[in-house]
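Data block below; observations after.
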């Protein structure tokens, strides 16, 4: 059974590498956010499988914490983009005033 | 019995790892952001489900399967929500999907739908089109396919209208 | 195999270099803060690499575990656990300073701030 | 096995760090540093540091990104550093890197059981914890009891950092960056009109807080403790603030409450130490807390101290987030 876990881990790790490459290449910033989000999901799976591989399933707490926390960042990004236009307008106003 | 359980779990784990990998491959190879997101989100939930089910079968009668079920539920709730939020942010900030028409040439259809140019709109509206956009008569399309796309485009349009009011 | 056993430490050195270069070469204050947090993470990596023992497991003693179970070293973990939380607080403090600089000068580029200071 | 995983994770770490260095867009840099901390946490877990991995997970994935984005919203998104003209930074950092690489070549390889680190006090901690404190999680035992003095110091550092942020981003209204009323009214400060995130997010908040409490009180038996729990609870509140707007979040957790929480936590920690002195022991020597049973006294002391840590960390994170968020509104 051990080597099945190991193969699964390697599969997830390779996917993580692909996600990182997408995050580095871009091209748009949303691709990067997508890569971060996907990477988070993969980390949850990786932690879950590794905790079985190392024979300590009680460490699933970590994966659980990730699954709960991971998407807060995406909401922060959404809010950030929402206020972006207003910020730009404010910056332009300030530039004009100077 | 144990052997059977092991085999089922192994199949689930390997299939899950394969699906996850396919998702990663899709994210690498797909042409634009929205298709990449499609690849990521679909195989994400599918692959995650298979891997977590495989682990559950191996967990036995301990607390571990309960935690795995919790992870499963949370991933199923959060992953699509995050995808929605992301797609919404992308549409709001004006990232257009790349669309192809029948001849195969790339056409920025998303732009046509999003701006709702009056020449494209025809007065005879199908009921389906009416349902999706009851307020905005200028945006009616006879093409049902476009009406579906409009659903996606409608949300941010309505939102920006509310935001500016 | 021997060199792979040192890979963690080499990566630690590379991350230190990247962090330091980011702090020194970039004039943008927020970028410098990000470089600082990379530097910090490199140190965390060094400490946690030290705690690993071959064939060991995390230092949480299971009730039914055999007596000869090997556990990882708990001491670096304690140090880094607190350091991470302290790190985020100090990063927040640095970011707060950056925000105040932006409000006062209208920019967070060190070279422009220095120019403005010279003009005064 | 560990080596294979480390190979993947550490190579990704270097890749991401270099990308963070090279990019001009600060938003990209923040996103990539989110990936960086995720890789770091996975790596910690592979290296058998479950508690640290949990901390890095909660702090790095949940709170750090939100704080950085908040700061970016207040400063600027673009790094306008001029191209590096001099060789000094490159030379300095290469020199440092060279020296360190030369030094670590003498270091014991990863996982060497005969390394000097494992010879000194660590075996003593592992051996004596079941006997003296009787807590399964040795990390918690060392953190709260053996090295309680150290942790007290760290809690006060966090406390002081919070005071610093509050005094920097306090009530003073900034002068130059004022925006007109019209632009101001357009600014959306929450995600209330997004139905799906709002419903799902609000559904998850109780679970996050509940899980935080679990981590707090299960910290003796599994990975967890006050630091992680405080950050988790704060992450729940921050999620609420993102969804419903900062104003509403401040109605939920008033500012005086989070400030009191910060002070009360540090006070609890220190007063447990003083109580130990009053009962005839030394500072933070919990054994005297129960005159009949030294181990029970230790348990009581650890429980109280961890509660104090949790309160302080949760309060500090919430306060810092509010400080940044409110600055964005004005």
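Letters A, B, C and D mark the chains in the order given here, with residues in each chain numbered from 1 onward.
We adopt the following convention: contacts are C-beta pairs under 8 Å (C-beta built on N, C-alpha and C of every residue); 3 or more make two chains touch, one makes a residue touch a chain.
Owing to the predicted nature of the structure, the values given are computational and were not obtained by experimental measurement.
Least step count on the touch graph, chain B to chain C: 2. Rounded to whole angstrom units, the spacing between the C-alpha centres of chain C and chain D is 12.
Taking each chain's centre as the average of its CA atoms, chain A and chain B sit 17 Å apart. Averaged C-alpha coordinates give centres for chain B and chain D that are 33 Å from one another. Counting partner chains per residue, chain A shows two or more touched chains at residues 10, 16, 33, 35, 54, 56, 58-59, 61, 64, 68, 70, 75, 77-78, 82, 94. Shown for chain B are the residues that touch two or more other chains, namely 74, 78, 81, 85, 88. Touching two or more other chains at once are residues 57-58, 60, 62, 106 of chain C.
Taken together, the chains touch in the following pairs: A-B, A-C, A-D, B-D, C-D. By the touch criterion stated above, chain B contacts chain A in their complex at residues 6, 9-10, 13-14, 16-18, 20-21, 23-25, 27-28, 33, 36-37, 40, 44, 47-48, 51-52, 54-55, 58-59, 62-64, 67-68, 70-71, 74-75, 78-79, 81-83, 85-86, 88-90, 92-93, 95. Chain contact summary for the complex, chain A toward chain C: residues 54-56, 58-59, 94.
For chain D in complex with chain B, the touching residues are 186, 188, 193-194, 196-197, 200-201, 203-204, 207. Chain contact summary for the complex, chain A toward chain D: residues 6, 9-10, 13, 16-17, 20, 23-24, 26, 29, 32-33, 35-36, 39-40, 43, 46-47, 50-51, 53-54, 56, 58-59, 61-62, 64-66, 68-70, 72-73, 75-80, 82-83, 86-87, 89-90, 93-94.
By the touch criterion given at the top, residues 1, 4-5, 7-8, 10-12, 14-16, 18-19, 21-22, 28, 30-31, 33-35, 37-38, 41-42, 44-45, 48-49, 52, 57-58, 60-61, 63-64, 67-68, 70-71, 74-75, 77-78, 81-82, 84 of chain A touch chain B in their complex.
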